[in-house]
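Next up: some structures, all given as structure tokens.
Both of the next two complexes hold subunit A, though its partner changes from subunit B to subunit C.
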Partner chain A sequence: MLQILQDGPRRITRRARDYRSRTEDGAIAMHGLVGVWLLLAFLLFFLGSQWTIVPVLGFLATVGYGWVRYQAEAAKGMTFLTTIVTVAILALIISFLLLRSLPVFGQMGLDLLTKTQPAGDLWGGNGGQIWSLTPMMVGTAITTIIATIVAAPLGVAGAVFISEMAPTRVREIVKPGIELMAGIPSITYGFIGLTIVNQYLYTEFRTPTIGNYFAAGIMIGIMALPTIVTVAEDALSTVPESMKSGSLAMGSTEWQTTKSVTLPAALSGVSSGILLGIGRAMGETMAATVMLSHTKGFPTPFIDVFGGYGETLTTVIAFEGGNASGLQMSALFAGGVVLFFMVMVLSTTSLFVEWRMEKKLRGEQ
Partner chain B sequence: MSNVRKTALHSGESTTSELAAYGVLGVSFAAFVASWALIFQWIDETATFGGLSVLQLLGLCLLVAAGGLVAIGVVSRLGALDTTPSNTAGVTVGVVFGLLWSVLGALLATTFLGGGTVLWIPAALVFGAAGTVASVLPREDIGSTVPVAVILALLGGAIALGRINAGWTWEPAWSSAVFPGSELVPVVVIFGSLLGAWSGAKAREGFGAQGREAGAFALIGTVVFGMLAVLLLLIGFIVVNGLETVLTGAALFDGTLSLFGVSLPWVSFPFLTNVTGGLFVEIPGVLPATIGTLWLVFGAVLFAVPLGVGAAVFLTEYAERGRFTQVVEVATNGLWSTPSIVFGLFGLAFLVPRISGGNSVLVGQLVLGFMLLPLVLITSREAILAVPDEYRDASAALGVTKWQTIRSVVVPAAMPGTITGVILGVGRIAGETAPLLLVFGGAPYPSNTPNILTSFQLTPNPPFVTNEALLSPASALPYQLYSTITAGVFPKDIFTNQQFGWGTALVLLLVVIGLYAIGVGSRLYFRRKLHHE
Partner chain C sequence: MDTSVLTGDGSSTVFPITNTASSYWNSNPETGDEDYWPSEWAEEYGTDKRLADYFAGLYGYEATGERSNPAFRVSIALSHSGTGVEGVMEERVDIGDSSASAEAELAGSDVSDEEMDNFVDHVVGVDGQPIVVSREIADAGVEQITLDELKKIYRQEITNWSEVGGPDREILALGRAEGSGTDTSFRANVYGDPEASISPDQRYGQNQQLAQAIGQADNAIAYIALAFVDPEGDTPPLGLEIDGTLYEYGKNLGSKEYPLSRDLHAYTWEDSSRKEAAFINFCLSDFGQEIFVQGNNYFKLPQDRLETQREMVAPSNYE
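What follows is the complex of A and B.
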């Protein structure tokens, strides 16, 4: 530990000296100036000043001049800058979500996420003093579980079909078809769900309201399906052909090869696909917003997915975000924070799982 | 690996067992399709054929399939059939059948033992164990047919005898909904026929490793077929419902096109060329929304493509693989998976107060740009990584500097992949609605199109250039669809809200599908070009 602490600064100074000796003074001045202009621009923009335009113009002028004089250096600097901006956007999103949700955290404390009583007054009860996200978190959990039950087995089956079973010609039709399915806007799914699925359940199954968790969950599951198929199929097709051929050469059938060689080898990739799909389902907004009834509460018993309650973290933000203020707005931001971190955990886990699979297939483990 | 102990010599003519298995498969498939038709109400559930209702016929199908399965299993076990069964049906089959039997046990207990709340648990356990034992212990030809046949026979019998008919309802205590027989029977038959098809396909290949392969392929094939059918149905449904609205008042040579002062007959397409609201519009259209979507996409691309491609170049060409690139990768991944509504919240908190003070086109463009950025970054990074190192080495060997190599060799070679990625990404953000609700949307039925090109103005005060249209709210196709769904009554008599919604949905779908088709097409084109060169 101490070694690293001592080594770190030394290595950095050495690299800085290296860089200094390889780069012209003018180029270094350009980098510095660009940095200053950008910082200034961001600061002014952050403060909402109308003078933001001045540092932006300065930045453009510096880059323009630098591009003519030291093109290679300028290009390298610009690409570095774009990378920083990408990371900065994520950092900004996180910090603004946290910042805006602080008031409601201060007011409610952990009750924000755990309060379950009194059930009727969890959202704006006590004269706008009580804001609790618990009913919405339960709603998100229910729709996500239903969607996963629909999408995970079907998605894996679809991936196995495309990568292991389908003849080339069929694959060339099915694969773009699945991708297209991912591209159909969620509001369209929601419209169909609203006019057909909701009506069907209401008339045939006599649900108490038009719209319930079950219908929304099924629709979200259909929407999360293509994500799972695409990622899992990618994972299955990266399993080296030699592994499959080896198994086939031993006299196994194709299904035995798929079941005992390909699927286990691609297991991490397939599960990362499922995780991504769950993330998609959790963050899905529009279909749920138009299909659910926007009544907040806990279904009793918990498995009553046909009941009248219907609100998830995403739908409450979309439905009320347009004209909320004060603590309510802050509570919506807190909902965004919960949503963001749950999805972030899922996607980062799936990324690490994928890295592990890459390593494994390259034989480093 | 292989657990085939003996193999059958396949003769030219099909054997009796194969015929029986084909029968089971055919009956299962017919029941499967008919059940879906019932659910979609293409067949009326009260219809009768030859004195039997449709539901009873479905029950008969299950009975026939069960009978066929038992016959094949028993005859094969007696050695009269040319099959190659394994010693056991396997753990997977045991688990699946065990679960099914436990469900059966629970149902029987609650039905016949007076709905005892406690009794169904031991009944489920006992039946589950029995089902597992019955499928795992005997030889495969019995184990994979008889347990499932018993279930099919019980269900089929109950349905065929009319015990469960269209008017029958199941009202479990835990559910607010009731399940009528008219809808429950098709669902049950769908699962039953899938089971029948699985076992039937196994039997057709004479069990054993071959049989399991056939069974798995039949099951997965049916499921995927169903999935694609759902996709086609969705698209077909939108087209059928929206076409009438979209084509209202359209004619081939009704309109005029002025070219250099000459009026030519031209296609008239009021739904695409009219504004939505306003006093003097006879046939309301989606022109403002379409133009709004185009502006949104244009702005997002302008913002995201330079950033994404630049970052991809830096990550692949300049940066060394290490902690920093990993951080960027995690950040990109995070951006990619961030729910769209969260982007909307961010735009609302950070951009709206600093740029326009209210919903505006510019903020919408930026927010969609944030969403497009990770997609562009990921795809162009992959495209740059796919450029062979020989290109870079050859260029370096000629004494060309690194930046010039990147500019004239790497980026052009990676362009096709990047373009494809951008188009696919645009297809995704063009249909994005959630963030637009918070930062972009304006009047539900706009009466004018955003006039962005002509409203640039120079001012003496900073920021020196202003654009009123860019800073005001507008409409976009997905937003238009949402506001049509949620608004109460359509302002004109010519359409109802739902009709207008279907029309908007169709236009939106066409835009998105068009973008996808271009993206997928260009990917195929570039791939072919790459492989044939």
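What follows is the complex of A and C.
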């Protein structure tokens, strides 16, 4: 660690010297000029100036000229620029979210995430002074758990079948079919859930409301299914053929090979697929918004998924964002921050798991 | 004589009224244009002038006698109540449409009382939301409930229809999104406090979704915009009894005492100019009330309030 810290500056100076000696003076001037123009454009835009167009035109002219004179360097600069812009957009979104959620955090402190009493007044109670995200976090947790219970076993089973058992012709039809499922817009799932699932549960089982966590969880689970199948199937098919052949050569049956060699070897890839599916379920908005009842509270008992309450972090933002102002708006932004961090943790974990699997498999080859 | 464009901005609820009025005004149709200025109406006013020519003429504007060329044009923009009220105050627009009073819209901002006095409040119509129930409940004989029962239903203190004279079935209380104007005015008018805590079973963002849910359910109660009431269909209305008075759909929901009604305002700033008065009087005329207010599914002002409002902008004030 210390070594890296000490090496850092030295390596940067070396890279800089390298860049200086390998690049023509004109190209360096172009890179510098583009940077200045962009910085100027951003600043002017930020100030709301009508002169923003000047640096933008300057930027375009510089790039245009550079493209003709030093095409390679211009391409290098532009691709580098797009990377910076992507990262900058992410940074701006995060800081905007944090900035806008500061007021409610100042008002509520940690209570924002932990307050559970008084149950009826957690959202806008005490004359619009109390805004607690706890009921919505519980709602998100419940729908996500139900979705996972639906999607994880089905998804893994589907992936195993497609990758290990299905005849080629079946796989060629089923795999694109499942990928197509991911392309169906979420409102379509939501609409089916609203008109069929909600209505069925309400008329046949007399649920207290039209729409509940159970119905929404099932629909979200179906939506998360293709993510899990696709990623898990990829993981299963990257298990080296030599490992499977070895097992078969030892006299084990195909099922024994799948069960004891392929699945364990791909386990981390499969679990990263499940994690991605959970992330998808957690962030799902449209279907849940049309299906849930938008009342906030804690089901009693905790596992009463048919109960009267129904609101998640995503649905509250979608449902109330249009009308909200002041602290309520800030609380919705705080909901966005919570969601962002939860999904970020999930996808980093899944990336890490995948990275470990790749390392492990390569090591064993 | 000021003939520059009369501008307005504000509430999407009031917008249909003032905007329809402005469209009629700008087109300045001739009498006998049966779609826009029918002869029966013209006869009632005893005039053979074009529509805007007649109403502007009351205020001393000269008739142009040309279609699409009124004495002055009217342009109404669409935003929010708060924007309309601020627009009038900052004199960006002449008329500020608002579905709540200016005091309520500016509550919490640092506008002094003297400045508030500069607002001139013209009420051009009344918005009233009837209580509706699912078809099955209406068919089972529930025709009215009391205000007290309504309050208890939305606080989960009454949870079965049998408690209000209906079948033995749970009540599904439907409401609107928290923070929306309709939700706030429901709390303010029914419970007397815009911050009152209520706990409906389900909330919906739009009238359309609400109407669909009432149709799907067989045990629902809701308050909904007038246009979505269907006495013979899925959303039959329910009478509301308050202190012995029964408020019924099609009869007296527009009255000031009905808790789910609200005035629709067209504010002006520091008195009303001749131009503003001419247009507001146009909205307040019998023709305007019928076509622009009732035609857009709002309630006409009751006769006594209409008289008071008309006096504020009477042509005699501008002679």
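The rule we apply is simple: the second predicted complex is superposed on the first by the 355 of 365 C-alpha atoms of A that agree within 3 Å, B and C clash if a C-alpha of one lies under 4 Å from a C-alpha of the other, contacts with A are read in each partner's own complex, and residues count from 1 in each chain.
One rule holds in what follows: contacts are C-beta pairs under 8 Å (C-beta built on N, C-alpha and C of every residue); 3 or more make two chains touch, one makes a residue touch a chain.
The structure presented is a predicted model; accordingly, all values stated were derived computationally and were not measured.
When both complexes are overlaid on chain A, the residue A:G120 reaches subunit C alone and has no touch with subunit B.
When both complexes are overlaid on chain A, the residue A:P103 reaches neither subunit B nor subunit C.
Look at A:P208: by the touch rule set out above, it reaches both subunit B and subunit C.
In the superposed model, B is the one of subunit B and subunit C that contacts more residues of subunit A.
Looking at the shared chain after the overlay, A:G308 reaches both subunit B and subunit C. In the superposed model, A:G279 makes contact with subunit B only, not with subunit C. When both complexes are overlaid on chain A, the residue A:K76 reaches subunit B alone and has no touch with subunit C. Of the two partner chains placed around the shared chain by superposition, subunit C is the only one that A:E320 touches, whereas subunit B remains out of contact. Shared interface residues of subunit A (contacting subunit B in one complex, subunit C in the other): 208, 290, 308, 322.
Contacts from subunit A toward subunit C in the complex involve residues 120-121, 123-125, 127-128, 199, 202, 208-211, 290, 293-295, 297, 308, 310, 319-320, 322-325, 328. Note for the complex: subunit A touches subunit B at residues 45-46, 48, 50-54, 71-72, 75-76, 78-83, 85-87, 89-90, 92-93, 96-97, 99-100, 154, 157-158, 160-162, 165, 174, 176-192, 194-196, 201, 204-208, 212, 214, 222, 225, 247, 250-256, 259-260, 276, 279-280, 282-286, 289-290, 301, 303-308, 314, 317-318, 321-322, 332-333, 336, 339-340, 343-344, 346-348, 351.
Within the complex formed with subunit A, the subunit B residues making contact are 1-2, 4, 174-180, 182-183, 209-210, 212-213, 216-217, 219-221, 223-224, 227-228, 230-231, 234-235, 237-238, 306-311, 313-315, 317-319, 327-346, 348-350, 353-354, 370, 373-374, 377, 401-404, 406-407, 424, 427-428, 430-434, 437-438, 461-464, 478, 481-482, 485-486, 498, 501-502, 505, 508-509, 512-513, 515-516, 520.
Residue ranges of subunit C in contact with subunit A, taken from their complex: 170, 172, 177-181, 195, 197, 199-205, 209, 213, 216-217.
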